[in-house]
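Right after this note come the structures.
Note that chain A is present in both complexes that follow, paired respectively with chain B and with chain C.
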Partner chain A sequence: MNHGPLIFLGVLVTFVMSWWGLIFAPQVQIGVQQNASLVDGIYPRPRAGLAEQGHHVYVANGCVQCHSQQVRQESYTFDVVLTAPGTNNEIVIRALGKIAPGINAGAVAAAATDQKPQTILTNVPQGVADDAQARLKKAGATAKTLFIPLGVDIARGWGSRLTVAADYLYDQPVQVGHSRLGPDLANYGQRAPSTKLILEHLYDPRLTMDKSLMPAHRYLFETKPVGKKPSPDALALTGKFAPPAGHEVVPKPEALQLVAYLQSLRASAPLFEAPASPAPQP
Partner chain B sequence: MKDVQQHSVEENEPSIRSGATFLSMWILGLLGVLTWWAFSYVDARGGHFNSMVYAPYGSTNQLASFIPKDETGSAFARGKMVYGTYCGNCHQANGMGAAGIAPPLAGSEWVLAEGPNRIIRIPYLGLTGPIKVSGVEYNMAMLAIAAGGGMTEQQVADVLTYIRMDWGNKVAAPLVTPEQVSKVLSEIKDRTDPMTADELLKLPALVP
Partner chain C sequence: MNGSTSSSVSTTPAPPTSACIDSSARILLLPIVSSLVWLVISSVLALIASVKLHSPTVLADSSWLTYGHTRPAANDAFVYGFASQAGLAVALWILCRLGRNTLVGALPIAIGSIFWNLGVTFGLVGIFTGHTTGFDWLEFPKAGSFILLASYGVLGICALLNFRARQPGETYPSQWYILAALFWFPWLFTTARMLLVQFPVRGVMQLAVSGWFTNGLFTLWLTSLGLAVLLYFIPKISQAQLFSRSLALIAFWSLAVFGGWAGFYRGLPLPAWMISTGAAASVVLLVPMLATVANLWLTMGQGTHAKSGLLGYFKYSLIAFALCGVFAVFNAFIPQLRLTLFGEGVEQLFLYGFVGLALLGAIHYLAPRLTGQENDKFVCWSGMASTFGILLFAAAFLIGGILQQKRLIDGSVPFLDVMNKTKMFIRLSTLGVLLLVIGNILTLARVLLLVRACCQACCSSCCSESKPSVKLKPAGAAR
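Our next item is the complex of A and B:
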């Protein structure tokens, strides 16, 4: 019996199915991502030169082995804040008393301004928030509903919303990551310390964090004899981290590129597919 | 003992049979129920495989309900900020203007015109000479506040949308688009003199 054609067809169908499911369908689904235009410009933007080079340093050093760039979100909730009490104080205070009996309505109504929104309700479902907003509007006051994403990553301060495909538009290759031996870096640029501190952390992580697991990346730095004048870029190292006498530690261009890339990491602009209310200004 | 063991091994040896056997109907039914459940689970939570829908969100409609309403609504919100920066000093935050400084915008027939064709020109060219607003004659000069890139086209569109909606102003289609603004801009690109009320009245209210 000659089963050749049948076996060939079976193999073909198997491969076509996996190609369809793993390559073609995702391409149709998210292959046409575009920048979103937001009030303050487009998002995301291509990285500037040094940061783009730093992306290649990040890839070359395998940072992705320990650092992810993906914030997860489990659920969401709503807050209601009062931004303007309007003119009819009495009715607004009565409405506030009905919406949130626990708060000091008089003090809240007196203190509410655009710059200092006063929280009326926290952690309520959408219907309750919309209802409260409509009620206050009827009373002549202005209230805003804030959309608050929730999740362990967000609670850790790793981002304000979940990461979506549009955030990786200019990453080639994408560095989503698969394990978290170190912290997530999707929004590192927002919480990053000064350039100097990041460089020290790369030179030896134990300099800035006592029990860091991260390997030291000394090959991104050069230890050389001090010239006529000490270099302005040289790291200020003391104690057991100090270089031999008469030497200084200067970052190589790769280190500076990597720092520029790390500082460019911010995936927090509110998008349609990942809504988030901006954090209130302090 | 040895005899018995020998015997039982022979009994347990599988016999080779030919022919087919039927699948139990209850397994088929269970599989059907499971398949139905799986499909409805994906249907309820998959967002129709839309690239804009990520867990924990369920559909684009749900996401849209989180966004501050429609384009008119967001233009209103942006326009209010623009108004506070550029317009509110003279026309006042309540749109009532002030005697000797600026005519009112609230209830003004110029703002409430069917289309924004006339009022788009005012921030770009300024306005001078006598003008009648809500039955009162004013005679002042307004600066060309948006001229020379002072405001972006988006900002002008947003603020005009805003003044056509706030303070009780009601227009059938209040949204002014940046496209309308740039269309009018191309018509007035050679002009530097301020507009006058008479000239504005000769223009159609709707952007052609």
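Our next item is the complex of A and C:
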């Protein structure tokens, strides 16, 4: 240990090892990932122009300091739904009675269609679900097994499934986040209110949420004298939020871009590595 | 002055005295003072960010001072402005003292330091004006990063030259850590910048690179600097031999081998094996932590316990280091915890508690020796303010974070309530940051007073004895 070169060599080798393991190997594994082909096209798709500009506004203002974009899944369960009762009603009803003695088999079998799948089993392990599906198939009916992701984030309504590598393919820089001082935004586009409400929330979050701790972003807006007629996109502000008389608050282009980006945030398409079933009720 | 001392080294084999080395290293006051200025700036920015966390309407009309700018700016000012710069300066001094050589390359060090500060300034202005790269700890835009790296090249090469200029003999653990850190930093920084900003990798690979970089920056670069300081100063101040060289050897190599592997935590959208590797590495990293803490603690126990106020800095720094190692394991295993205040609490405990206290203690030790002046003003007060400040801040964030995590995993508590119930802890942490600001200003004040006294002493000797000064110079150097 009394020779500089020895230390240098050791340090170099250990460093290259960690580079090899955590940069090179994952690059080979996931660095060349391509879009997934889904029934309704490829996923993900590049963002539209305005939303892409909004991504830069999001980065520039350091939104990532408080908002994460990652949905976690802690476990999963299965539901079984009946989509078509088939032709032999009697056998199907008997099978249903065996699978799920609690339900009104006759009514379920009568009501089941592709558009209105009827739930037979909820919250069961995979073996039970597979078994039920096999029995119904034997009886001539068609049943589907739904994959239900479970987790705190999903219970909070932050997403319908966990977020995976494919969701971030077009993000540069990726803003996964390290802190949840604000809610997760991975699926904000799905639950986002109207453009007007998002703008108001950006102008001063206390406008839309009384106890919000989010900083106001008033610098994304311009307070200017009202022209001949009021601007169409001026915010409707009243009370203590109202601008001085004869003035109006108009969003700057950055604010509109940011809103477009926020509305584009959705990581919910069911993927092979992150299955999710479309929510049965809104 | 330099010429006379180096010529005396070449003619006589006796190594230079400590006072001689110190006066040759006077130029290090430049990086030290500027790093303290950055420290004050960083803590003021952290104070603004902290206030904004519980009072979001404060300063809301300024785009420069929005939370999304002040938080990363405070972090980067600390890591690049203070910790890296002061760490390099202290490391240079430790290399000189351990190698028993006078400082080599005073002029390049001065130039490197000036450009380093320029780089940090450019980088911070870039963050404030929204030109951040968007990656944690790598927010500095192009201009800032390039200047930083170029000036690092100068400073790093100077440090290597100083290591080479050492007197023959056994090396000390501090030298290993410094030498390793000198290589790790540029490799980490350039690799991460290349793969994230210049030729960006795709999708979550960015996450892998940025997680690897963040972990390397903390576990390899900053930890090495901090441990080099602790391993040097704790035996020195407690006047004891380092308890065990083999323990230090184990700690160094286990840190080198496993240090680069931690940093990924549960829930990231990365392949599962990477998450497991990260969690496993954070457990294995308890080995170097325990080895170092035991080693230094036993060293302190052997010491004669000279009542020096400075030992407190290093002792609390060591405790913070131990706690950070343990909390890193929590972070890796407990779901959601990393995303709450807890994660940031551990980060700040590491930065201000471990690295900050170690470097502040070192600066308080160095400043009188480099200036050749005596002045113990503020040492006690700034130490108390810094220690209690980080204690309050970290405790508030850690406890607040744990409570937040409890409420977060209970889906029935609305998110708004989760945040509002942690408000009290955030207010407490603001108080902690305020104490840190006071402590940092006091430290800066003390060092500036010493520098002023040094300049006055230097000027008066030049003015009053302008003619015979040529003759007197060697005498001054020997003193």
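In this section, the second predicted complex is superposed on the first by the 277 of 282 C-alpha atoms of A that agree within 3 Å, B and C clash if a C-alpha of one lies under 4 Å from a C-alpha of the other, contacts with A are read in each partner's own complex, and residues count from 1 in each chain.
Simple rule for what comes next: contacts are C-beta pairs under 8 Å (C-beta built on N, C-alpha and C of every residue); 3 or more make two chains touch, one makes a residue touch a chain.
What you are looking at is a predicted structure, and each value in this text was computed from that prediction instead of being measured.
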item: Partners on chain A (chain B, chain C) - clash or fit; value: fit
item: Partner chain(s) touched by A:T113 [first = chain B, second = chain C, both, neither]; value: neither
item: Partner with the higher number of touched chain A residues, chain C or chain B; value: C
item: Touching partner for A:N88 - first (chain B), second (chain C), both, neither; value: neither
item: Inter-centroid angle chain B-chain A-chain C after superposition on A [Cα, multiple of 10°]; value: 120
item: Chain B versus chain C as contact partner of A:V64, first or second or both or neither; value: second
item: Contacts of A:Q126 with chain B and chain C, given as first, second, both or neither; value: first
item: Chain B versus chain C as contact partner of A:S194, first or second or both or neither; value: neither
item: Contacts of A:I7 with chain B and chain C, given as first, second, both or neither; value: second
item: Partner chain in contact with A:A165 - chain B first, chain C second, else both or neither; value: both
item: Partner chain in contact with A:P275 - chain B first, chain C second, else both or neither; value: first
item: Lowest C-alpha to C-alpha distance for chain C against chain B (Å); value: 5
item: Touching both chain C and chain B, counted on chain A across the two superposed complexes; value: 29-30, 32-33, 74, 162, 164-165
item: Of all residues in chain B, those that touch chain A in their complex; value: 49-54, 56-57, 63-67, 78
item: Chain A - residues contacting chain B, complex; value: 25, 29-30, 32-33, 39, 73-76, 126, 147, 162, 164-165, 272-275
item: Chain A-facing residues of chain C, complex; value: 52-54, 56-57, 60-63, 66-69, 71-72, 127, 130-136, 163-164, 169-171, 176, 179-180, 183-184, 187, 191, 195-196, 200-212, 216, 220, 249, 253, 256-257, 259-261, 266-271, 274, 277, 335-336, 338-341, 343-344, 408-411, 415-416, 419-420, 423
item: Touching residues on chain A, where the partner in the complex is chain C; value: 1-2, 4, 7-8, 10-12, 14-15, 17-19, 21-23, 26-27, 29-33, 59-66, 68, 70, 72, 74, 152, 155-156, 162-183, 204-206, 209, 211-220
